[in-house]
């Protein structure tokens, strides 16, 4: 598979909506451990709106579609998740204006642009215990696949899911340095970051949808995909 | 949960509806964006001043909309920044040829939402400036937050900017006033109990029956330390000292003093604190020109209080004294 | 005890000192009698209006002293009527050739203290009339109290009498206004938690985590019944119905509506209740002319609220709208 | 002993001050059971002031002295106790203007006048569970002694103490109908009324001071005089 079609991306977004809505309460619980318990609601509010408005979304090309999704997020999602996810979709949209399909290197650039946008927006660095700690290794994994000339989306997805899953456990004992969880100081240590768990769960569900066999390693991801 | 709520998910729109119902001549309510604006709308000859943040800090922020105060404000869910679009729509609804000053309290979510909204609005040609408020001295040079938090000092920024805008000053001048107030205002708070966000249904932090959190944030963020409750004078002294030493304030300074309740503390206890702070301020040689004892920036029903001191000059003194109108009615 | 207090025995004089410190131009404080009077003193051409009761209900009663409101007030210990002499000295300090109206809330201790004080003052030739306020509909025809209690409706009596006195009306006229307000105002409250008087250090009543006391008094007296907490709309309905059916109020009535917080309930929850009461009042065909959402008569830090409705005529409407000044400052 | 001298009355008042100050906390505790817990403080505030101002009190005659005491109570005692005790002293003062001694019938009338004054002031009736439920039987006891032509103060005191002591137990199960305790409704049943306990304790201490032997029957009075 040399190209990733718009249809594949549309399916990925619909799968994501299912992941997020299924885990609305669980993601709230995770955010409640060290944050303010609204992450699941916030994200679900956004993806519920995406689902409801799905048929009316402009799907003339990937960029137009992602821009509209970014706008729905901006309209409906409060807290930090609104600007973060909204910015991510917006940056990916800007690289895909007019496109009906993307290559793996182009997808890699979309993730890279989203990361840059999120970093510019919220100032978080690697190790601050935010969803960037999942997105950065995902981006590196994609880059490796591109360098190796690997064009199999399934294989790339599997490695990305692996990387995100690992990030859950690797950051578990860190103290959050950004966002609401940072405001409880030391109390955020020993709790998984809900944003990282969400990214890892979404990727695991993408794998499943693509028929890629894989068993989650972090208990939270296992629970969220069960 | 010892609260007057219906569906917790509807708590914010419902209380905003109440505010709107109670102030039909003063305010307009746009439920879609949890936005409240002055009934009279913005004026193209005057700078608009807008704000918006998580709910749960009332009368900040939507109850501070009115002539001489904010032009408009929007609120997110309890303790959650408003969605980007709500911020953007608030800017749009309040846009004025004279420009708009966007006052943002220094929290991650708020800053990101307003940053995006401002970029969107500027891209459409709306003239604006953004100003970040950060008056909380509790946590110094923190490595784990975006910096000092914006708390009760916010009131003074709103009041002075609102009065300056009303007086017809231009955007740069109103911005300069925000900067002056923020540079001269400091706050520190203490919590005796946690609050319970309606949607969560349980306290946001645990605290012993004989403990207090010194330097607490208005979302229950930890402050300088947890310790045994001491008496009112000792607590007032600690807050006063932390605030006074920060800028520092000096003998001879003209000041406004605020003792702000966090939501669950009765007014009498605030006056017990005020009596001590007043005494300390006089002993330190400050000239107390105005004082504010009551609720200005709360944390739902948290028992606790904060002390704010603002250094005044002639300009700020005049702006504080200027008339204004808000949703709060005493008589 | 989660409170800002020093020596509990000094709680009342200390908070009164704070009120006095915060209002040097408006109020005079006489610690010996726990008395606060207008700085400007009584005027011989105007009727004086005085009041005094136990502490713990602030801003009632000493925070209601000021032009257009009370001429003076004294306070006893928390929830205890002031000593007879304090009442007597307050009458004396506020004595006016035009006469004095003594407003007493209907409690055993208050009535006895003011009765004695009035007898003493009249024996000295001071011209006065006494008026008893009893707006609480919670407990009907009780066999075990001195009758209906005086609660938040007190505010409207003070406001209207203060305005009438300010306008130069004579003692009989001001008394007639008190009577008119009291005859047209009704209140009922609900408590979600107990309060803790500082000197006692423990709650004055026990209440389950999921219970509320419907019809509670402002000293924690039991009301109509104890039951499971329901949602805000159901509670607002119960209070509204109890109040509305009592006089009863009728379609077409012009009314002022108050949703009063008992001390520990945040303003947002009061607005959730107000939204419902407003709705019910409109559906019942009342014309809502003024509204008051906030704290007017509290019970220390008790979580709870009361609903008050006052039927207006042109005279009362004008008196409510008249300017006034009190210790509470918003901006 | 045909007459009760002013000195005897002065001593009785000083004894009362000791009784009240010794029991400040205990009387608060009793009021806390169904009232608002301030009775002990309120009364002690008054008698502390009487003690402090004792030397300066006009003692030219019984009436002048009692009037001054009534004024000290009015100045210092809040709650219901101020008007009640202040009225009691005031009414007794009015019957003893210019007198340096009283007879037992005159003392009986003083108590009767105090009762009338308190009833007029607070509207309480027998059985409302107030200190009137102690004062009324005391008055009747005194009347009986007078009718019998009995002039021994000690014997009268003993019978009065007996009557007040009995009132504690006889009213214990009533629901209070006056004052703050009435505001807790049924909760006031099964708690002794602190005002009645105070009166009974004062009389027991007067007995002791007069060398009249007697053992209190109500446990609260026993405790308060121990």
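Note that the chains are named A, B, C and D in the order they appear, and that numbering of residues resets to 1 at the start of each chain.
Rule of thumb we're sticking to: a contact is a pair of C-beta atoms (placed from the backbone, for glycine too) under 8 Å apart; a residue touches a chain by one contact, two chains touch by 3 or more.
Since the structure is predicted, the reported quantities are computational estimates derived from the model, not experimental observations.
How many Å are there between the centre of chain C and the centre of chain D, using C-alpha atoms for each centre?
34
Using Cα averages as centroids, what's the distance between chain A and chain C in whole Å?
About 56 Å, centre to centre.
So what's the Cα centroid distance for chain A and chain D, whole Å?
80
Assign the assembly's chain-to-chain touch graph to one of these shapes: line, ring, star, complete, other.
Per interface graph, the chains form a line.
Report the complete set of touching chain pairs.
A-B, B-C, C-D
Using the touch definition from the top, list the residues of chain C that touch chain B in their complex.
Its residues touching chain B are 1-6, 11, 14-19, 21-22, 55-56, 58-59, 63, 68-69, 155, 159, 192-193, 209, 229, 231-233, 235-236, 263-275, 278-279, 291-295, 298, 300-301, 303, 305, 320, 324, 326, 328-331.
Under the stated contact criterion, what part of chain A meets chain B in this complex?
Counting only chain A, the residues touching chain B are 32, 36-38, 41-42, 71, 74-80, 82-84, 86-87, 121-123, 175-180, 182-185, 187.
For the complex, which residues does chain B have touching chain A?
54, 76-77, 79-86, 88, 108-109, 112-113, 115-116, 143-146, 197, 199-200, 204-205, 217, 219, 221-222
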